[in-house]
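The following blocks contain the structures, represented as structure tokens.
Both complexes shown next keep chain A, but they swap its partner, so chain B is in the first and chain C is in the second.
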Partner chain A sequence: MSEWPEPAVDYVQAITDTKLVLGHRYAQWALSGPSLEDDIGGASAAQEEIGHVRQLASKLEAQGRDLEWTKGQRDPDEFANAACLDRIDGDWTEYVASIAPADRAAWYLLDAIDRDDLEGLITKMGEDEYFHLEYHDARLETLAEEDPGTVQATLERTLPQALAFIGPASYDESEDPLYEAGFTDRPISEIRTAFIDHYRELFAETDVSLEDVDWDAPADDWNETRRRTGTDAITANDVKQLRGERNAEFALS
Partner chain B sequence: MMTDHAPESAVRCPFCESTDTERESAFGSEISKTQYYCNGCNTVFERIKYDGENPDTGR
Partner chain C sequence: MKYEVFARINQGDEIKHIGNVTAKSDKLAKMYAYNTFDEEDWDMLAVVREDDYLQVSNDPKPTVGVSTNE
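On to the complex of A and B.
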């Protein structure tokens, strides 16, 4: 396998970590949905995310990253997942409004990769993601009718965190190192615009206002490896569960 | 924003082949399925939405 340009391994690692934690959150909430269909859908999505992690982990290993480390043998602050997945405070509404931006952002970052050695894998992942994202949007629309205040308050926190995961607005055609290196065919600034436009359009006809969302996030102290600002992380207990320490049979092998 | 690509008129009941069908629910027993009701034979049926699409990224 040909070598990726320098920052690409961290870029793919962040997508992989987001999918790893996303799979974990889907599984944690798979018995908490308002209907059996939500629960079954969540369990299906969890399996798909973990399947994506397996595929991406093997690609990262080929680039020199330790497989056990990728699978979870590390400290919480070494995970580069989208910050909106660190913890879910609240109920089902907060859960949906936290995972949806993370899943969509991860897909946009994957879709931007322009590599022959990843093309088939990304297309297959997109076929899975088609249903995740469609489901999230449909659920967000119904929740916007039922509980617009909670949706709005959660998105005011999670959308800037998802934007930080995507990357800084300054990464345009001339500043985005992965676009310049040809690893991606779309600069971060363009991905951000598409992401922002999507949510503005989704909530345009609802009682959810996105006026107070910080669309300029992340701030200047952005960490390129962890694709976020600040030092927050998933909990040590999350890492234990990801590793399957309490029941190794269910761990990612 | 329900983006099932099949036009409503194309959804045919698998039991009586009537096209007099209505979408009952955007998600059936799985998120990849839509639930329909057939006015011809008064039966609920499911349709798999999958058509190999990738999610739109605003390109």
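On to the complex of A and C.
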């Protein structure tokens, strides 16, 4: 496999970490939905995200990244997941309004990759993601009718976190290192515009106002490796669960 | 709202009724059907609103009045 340009490994690692934590959150909430169909959808999405992680982890390993490290043998502050997945407090509405922006942002970053060695894999992931994102939007639309206050308050926090994960607005055609290197076919600024336009359009005819969302996030102290600002992270208990240590006795030898 | 779910495995097969889902929007009904009835690689999977059924029978059979006193 040919070598990726310098910042690409961190870029794919952040997508992988987001999918790893996303799969974990889907699984944690898979019995908490308002209907059996919501639970089935969550359980299905959890399996698909973990499947994506396995595929991406092997690509990262080929670029020199330690497989065990990618699978979870590291400290919480070494995970580069979208910050809106760090913890999800509250009820099911907050859960949906937290995972939806993270899943969409991760897909937009993945879809922008322009590499022959990843093309087939990304196409397959896109088939899965179509249904994840359509489901999220359908659910956000119904929740916007039922509980617009909670949807709005949650999105005011999670949309800027997802935008930080996508990257800074200053990464345009002339400043985005991965676009310049030819690893992606569109700059971060273009991905941000598509992401912002999507949510503005989705909630345009609802009682959810996105007026107070910080669309300019992230601030200047953006960490390119962890694709966020600040030092927050998933919990040590999350990492323990991701490693599956407590279930090791059930593992097939 | 209740939606009936229809599917076929191969192109040219008969379309069969495989179940139903209850959802608050058409979009959500489609996603529920996709996730819930994923046991096959369907060639076609569709949902129909229960309200859109145009009932043909299930009532007492219609009859045309015929006089026997002509």
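A few comments on the model shown:
Rule of thumb we're sticking to: the second predicted complex is superposed on the first by the 248 of 253 C-alpha atoms of A that agree within 3 Å, B and C clash if a C-alpha of one lies under 4 Å from a C-alpha of the other, contacts with A are read in each partner's own complex, and residues count from 1 in each chain.
In this text, a contact is a pair of C-beta atoms (placed from the backbone, for glycine too) under 8 Å apart; a residue touches a chain by one contact, two chains touch by 3 or more.
All values derive from a computational prediction rather than experimental measurement.
When the two complexes are overlaid on chain A, chain B and chain C occupy overlapping space and clash. By the touch criterion defined above, A:L31 reaches neither chain B nor chain C. Applying the stated contact rule after C-alpha superposition, one finds that A:A181 touches neither chain B nor chain C. Of the two partner chains placed by the overlay, only chain B lies in contact with A:D197; chain C stays clear of it.
With both complexes placed on chain A, chain A has more residues touched by B than by the other of chain B and chain C.
Contacts of A:L67 after superposition: neither chain B nor chain C is touched. In the superposed pair of complexes, A:A219 makes contact with neither chain B nor chain C. In the superposition on chain A, the residues of chain A contacting both chain B and chain C are 37, 40-41, 44, 131, 134-135, 137-138, 141. Partner chain C is touched in their complex by these residues of chain A: 35-38, 40-41, 44, 131, 134-135, 137-139, 141-142.
Interface of chain A with chain B (complex): residues 37, 40-41, 44-45, 104, 107-108, 111-112, 123, 126-127, 129-135, 137-138, 141, 186, 191, 193-195, 197-198, 202. By the touch rule above, chain C contacts chain A in their complex via residues 21-25, 27-28, 30-32, 34-36, 38. Across the complex, chain A is touched by residues 1-3, 25-32, 49-50, 52-55, 57-59 of chain B.
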